[in-house]
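Each chain carries a letter (A, B, C, D, E and F) given by its place in the written order, and its residues are counted from 1.
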Amino acid sequence: MYFARIGRLRHLGRRSLGAHTLLAALAAILVPQTASAEIDSGATAWILTSSALVLFMTLPGLALFYGGLVRTKNVLSILMQCFALAAVVTILWLVFGYSVAFDTTGMQAGTTNLNSFIGGFSMAFLSGVTHESESGSIPTILHFVFQMTFAIITPALIVGTFAERMKFSAMLIFSAAWLILVYLPICHMTWSGDGGWFWDMGVIDFAGGIVVHITAGIAALVTCIVIGPRKGYPTTPMPPHNMTMCVTGTGMLWVGWYGFNGGSELGANGSAAMAVAVTQISAATAAFTWMCIEWIQHKQPSVLGLATGAIAGLAAVTPASGVIGPMGGLAIGFASGAICWYASTAMKQALGYDDSLDVFGVHGVGGFVGTVLAGVFGAAAFGGKGLDGSIIGQVGVQLFAAAVTAVYTAAITFGILKAVDALVGLRVEAEEESTGLDVSLHGETGYNL
Amino acid sequence: MYFARIGRLRHLGRRSLGAHTLLAALAAILVPQTASAEIDSGATAWILTSSALVLFMTLPGLALFYGGLVRTKNVLSILMQCFALAAVVTILWLVFGYSVAFDTTGMQAGTTNLNSFIGGFSMAFLSGVTHESESGSIPTILHFVFQMTFAIITPALIVGTFAERMKFSAMLIFSAAWLILVYLPICHMTWSGDGGWFWDMGVIDFAGGIVVHITAGIAALVTCIVIGPRKGYPTTPMPPHNMTMCVTGTGMLWVGWYGFNGGSELGANGSAAMAVAVTQISAATAAFTWMCIEWIQHKQPSVLGLATGAIAGLAAVTPASGVIGPMGGLAIGFASGAICWYASTAMKQALGYDDSLDVFGVHGVGGFVGTVLAGVFGAAAFGGKGLDGSIIGQVGVQLFAAAVTAVYTAAITFGILKAVDALVGLRVEAEEESTGLDVSLHGETGYNL
Amino acid sequence: MYFARIGRLRHLGRRSLGAHTLLAALAAILVPQTASAEIDSGATAWILTSSALVLFMTLPGLALFYGGLVRTKNVLSILMQCFALAAVVTILWLVFGYSVAFDTTGMQAGTTNLNSFIGGFSMAFLSGVTHESESGSIPTILHFVFQMTFAIITPALIVGTFAERMKFSAMLIFSAAWLILVYLPICHMTWSGDGGWFWDMGVIDFAGGIVVHITAGIAALVTCIVIGPRKGYPTTPMPPHNMTMCVTGTGMLWVGWYGFNGGSELGANGSAAMAVAVTQISAATAAFTWMCIEWIQHKQPSVLGLATGAIAGLAAVTPASGVIGPMGGLAIGFASGAICWYASTAMKQALGYDDSLDVFGVHGVGGFVGTVLAGVFGAAAFGGKGLDGSIIGQVGVQLFAAAVTAVYTAAITFGILKAVDALVGLRVEAEEESTGLDVSLHGETGYNL
Amino acid sequence: MRLIEAIIKPFNVDDVRSALAAAGVEGMTLTEVKGHGRQKGHTEIYRGAEYQVDMLPKIKIEVIVEDDRVEAVVAAITAAAHTGKIGDGKIFVADIDDVVRIRTGERGESAI
Amino acid sequence: MRLIEAIIKPFNVDDVRSALAAAGVEGMTLTEVKGHGRQKGHTEIYRGAEYQVDMLPKIKIEVIVEDDRVEAVVAAITAAAHTGKIGDGKIFVADIDDVVRIRTGERGESAI
Amino acid sequence: MRLIEAIIKPFNVDDVRSALAAAGVEGMTLTEVKGHGRQKGHTEIYRGAEYQVDMLPKIKIEVIVEDDRVEAVVAAITAAAHTGKIGDGKIFVADIDDVVRIRTGERGESAI
């Protein structure tokens, strides 16, 4: 197996060996690898920690962030969906998911073939992977675990769009199919290394702006349109049932994101720390921006606005966090705070779809903003690590990959939804919806205070 | 002081040097140790993190998991018990607990003497341990901290069985005595190294199937029978007062378990990562299995079932996580999901004891399943690291140790309970029980919303 | 840039090279630094983790700890304040905060000049800091991130004193000004290295007894007196609205403190592990002490008492955690449990100020107790790492620094409050206060169950 | 004066409130209650233990009106809360002797 | 028709409900209330500040019945909620003028 | 016997309780309710979606007293709950036929 992210740096190096800022980084990373491909215990410690942090983002971070925003009668359905996805995706990831995403059989730099789009089954059921297998400076099995936590959170993000109305069985089938047909190929094209389609184009997607946020955001938009709005939307008020739960989840997501972006370097070094720093700067700036806009617009800054802004800033900085400097963090934070605010409020209301918890407005739009701006603020002139070519060229590549991903995701998502609808039906009965999914689907109630 | 887990590997090595899969691992681990017994900063970083993760499992993970399941009027009593145990066990661990568990004075491989069962007081009050003391590749003081977090959670697990009716004073005295008389000797026999009774038998208990889960589970069974059912059980409905709290705790336990099992390797390497991988696989599989059984049985999959399944899978994989491969994780997850489901539902109801939060059904039974299956899936044929002898031989050893532990734990627990009952009384007054422990014992109420 | 804490050790070494206990530590730390100032991946992994842990203490740890203690109608205002401070302080820290705190331009050991009190702007906007910059064995950018999490939590601690009545705008302006005028200079004097005023005196403040807890505690005392008591205090009962939330936050603070104190060593080694061990011992002992006092006084031990005791023990051990041994942890835990209990109950009631969530009684008093006792239990005779001079001499230095900090903090805090009051007014309208800040300032309600 | 007390499904509250507003009723008081009637509840299962939940969440709306508006108000509530399914709820009417408006001290019909 | 309103200890709710079922009463409405009577409450102490909690949690059960069933229902409740300790609660009986079943529009006794 | 039902602002509960105690009333029952009257509510905005919250939290106090104490109790409540601002609340008085003390079985005025 070839090791993606370190390959990423090597690959950048190949085309821009003269780039001053990259040389030292390359030296530090490549030399030990050439000398002897040995496990670094510090890197391993940090990626073990990062895996725990990213799992924590879903269990219970995202579950609480989303769960607090729905009405009391549906809170458990959200928690259930997030936890069930953790279970199902883990099993799929073991069975063949990891292999299809990261197997590099048949791939070659510059050659576009079937394996540029999808990996094979050589590592299905972790065949051939033992505790001694190595991938760069960490064990291969750790790469499996770390990437698994990303594969878990991506479909879990989509849950927010069809909250309070989707059948649990439909949710499971949809998510499994979506993981296989959308997540795995996009992940492979972007992260599997030399020979991957997006990879060979030089697309920058450090920790998943395209792979995670654009795929989830676009899928969310399509899904909420296909499944239709919640009964009563938008006339019936549906305020969050527990804002303290939502804010608790926000804190967990924020902290967990240190592992999401900081871990994506797959090492414990200055680049990982810089990724964490820009993550924090973007989150803070976006939160502050969103808060100020609300303050001006409505005279009252809300904690939901602050929290949503933070998540928007975190999502947006994700693709860029490995290549930008502090100023890039500020800029991406500001842009995503403002643009995601617009997308989740005025724009959503104008267009009328019921993206219940704003998955598209926050993750889709935020992921897009960050993917594009990574091509700008990655430039050495803006304090980034330096680009392969010009800013315009890089932005073009970024836009192309984002657009292709969006179109592909939309089409496949639509197809899966139609198939699942035919198979088991997407939506619960009206009676079940007004009773609430907790009692009608899971036979439980959230609170008996 | 001799260093337990690394000794564990060396010990396995001694008897099966030819075992192909072990050699490389041994080389990697033993060589630096022989060359110079130096602290590895990566290992230290990961065990520091793991200590935080395992403490997090109790504070507030387990407290929330249990607290959400009781009735509103008793929620604080659960939180109080978990937090007070953290305080009391820490002090006991310092005073002599760590010494009695891990002191190796007088121990010798193959010799069974008093010190095979219990350590001495040479490290009482951490005497002789400074920040420079080393144990394998981590500081001794870190081994103290990491093991302390295990000593905290074990009696805290038992809390679930006598929830809603035990006196706080009785709980404290019982737990302190139990820690000393049950936990310390079993821990010493299993983990203290050459000369330890179970150790010398070749018992596999990587992260505490016997030491943690079987002891806690059996103690729970005895305790709930001795103290008797809650007033009104089983006719009065006692649904969980806050399922969102319970699920939040589940997420924290799940994530914290990465440190519990992943840290038990006491290193940051491929074995630690494999332990984390199989932990995740077992948790996911058991959760999925439990959910499917419920779905078939009751037409509705519940979030409590999913969560309980995950905990069962986590408990069961614990003893095996350092020796099995991914397939072992799948198998243990499936077995524990199904068997613990049966033990916590049909079997408990048939036998009629009120193990209020299913400590026996989940931890006792799960720990037993995992302890036995470690002897099967540890075999190289099933993708494990390889056994010293045959599967049948190893399973025999595992069964023997589990049975001895169960009988010993049951007897001593029973004795302690009778003594505490004579001393201060085990159970609150009927009036206090119906008022709820929060107000009657602690003078506080959980919520004033 | 000069690197503070490692300098701290070197500096101690300079004056007491004969001190037996220090030599080995110095050897271990200084040698690799002299040989080649290289990043240690294990240290980097642990400080990345510690940064996440300390951020987690504020988001959502402290927010929940405080939020649970106020009345329902104000819970979101607390969460809002903590999260908004995280955003604002991050931005300030980037703009010039880190530079003013840690820039060492113009500093020289033994020379007292302007730069002994305040740093310059050479690192404003992280100018000159890239992912390759190193500070001791970790990247400079990581030092920025780690220290940022301290700068976030310090003003957030103060929030507890003016809870339920301060304007959000006033809170933001006050906190920003306070960070700049109080936190930055005190931090610089104590931690920036040779030439810093407190540093050159040999003041021991390992992880922030003076810099964090005394500054926050004194500021809290002044603020609650200036802003006045809550409407109805002390006759109207104002019991905590959600003790389970408060206890959840306590668990997060406790676990996060492993990073706060354990990370302050800026390495992954025996000293870091010892800092974690004494942190745990002090927390446990203080919690147990507070619980016992309550049990004797009121016949009922409360979970709020246990939790508050733990926080007191954690705050108190903070300045000492890098220099003391286990016995010091026990002693500081016991002293802080008893003294902070007195300060937060009898003393507060006698003096009549409304320090709503006992910031002064717990953090101010605890920080003071620990700062003084660091000078005692740091002595080798008590199992500490050894002092530069006599215990009496060291205690004198500690007292001096604590007193200067208290007086300076009180004066500047008072000035800022008066200015902010003139500018926008400190306090909300009576009507807004009785409606609750959530609805009147943020237009949201905590729960719609 | 009369007290009209309606026990309805939570889902219908907004409609009933609109209907009351249309009928000229401004003042009202709402309470969250649990009700049991002909409507059967549901079963919750926690680790195999079944709980029959037959007290269902309802909203109680209390309105005090002048005697001559009783019929109009009852009709408005009935129309708005009606779905034709079991559990739609009940309306009770009782006599009230006196009403006081605390703010002004007014009493009787003018205080309503 | 009469309204029977019983304020009882939460602990006795299940017994009272069984007794009512045995007495042939199907419909009822429950509310969580807090009550104060002769029963003294308890003290809660938070960081040394004492709060006298003298409003204790109670359950209010409301049942509307035909006039001739009042005595039987009152007797059933009294028997089931009786423990002989202070705080057992009270029963109030009042007149109801009219009842409407929203689902069918029926009125009067047949709507109960 | 009469039922006095007062709907007041949560903020005034303690004053009203003191006034009732001073007036010699010991027994009472409190319920958390939501009320709508002339007092206008507030707006909550979640991600740009505005919710008009016009049902405000109120406390309902129920007191059963002997007929001859009605005026004193009404006066006590009115005085204590009065702030002069919109939303101060209302008091309703109604007839009660019978009272039973469950603990003793006493009935009528002596059971109050």
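The rule is short, and it goes like this: contacts are C-beta pairs under 8 Å (C-beta built on N, C-alpha and C of every residue); 3 or more make two chains touch, one makes a residue touch a chain.
A quick note: this is a predicted structure, and the numbers were derived from the prediction, not measured.
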item	value
Required minimum of steps from chain C to chain F, each step between chains that touch	1
Chain E and chain B - chains in contact with each	C, D
For chain E, the least number of touch steps when starting out from chain A	2
Comparison of A-D and C-E by number of C-beta pairs in contact, larger one	C-E
Chain centre separation (chain A, chain F; CA means) in Å	53
Chain centre separation (chain B, chain C; CA means) in Å	34
Residues of chain C whose C-beta touches two or more other chains	40-43, 45-46, 49, 239-240, 242, 268, 298, 300, 302, 304, 443-445, 447, 449
Contacts with two or more other chains, residues of chain D listed in rising order	31, 44-46, 94-95
Interchain contacts (touch definition) - all pairs	A-B, A-C, A-D, A-F, B-C, B-D, B-E, C-E, C-F, D-E, D-F, E-F
Chain C to chain F touching residues, read off their complex	236, 434, 439-440, 443-445
Residues of chain C defined as touching chain A within the complex	39-46, 48-49, 51-52, 55-56, 59-61, 63-64, 67, 75-76, 79-80, 83-84, 86-88, 90-91, 94, 125-126, 129-134, 138-142, 144-145, 148, 168, 242, 245, 268, 441-449
Parts of chain E lying in touch with chain D, wherever the complex brings them together	3, 17, 26-31, 64, 94-103, 105, 111
Residue ranges of chain C in contact with chain B within the complex	21, 24-25, 40-43, 45-46, 49, 53, 71-72, 239-244, 247-248, 250-252, 254-255, 258-259, 262, 267-274, 276-277, 280-281, 283-285, 287-288, 291, 298, 300-304, 306-307, 310, 325-327, 330, 385, 447, 449
Chain A-touching residues of chain D, taken from the complex the two chains share	11, 14, 42-46, 53
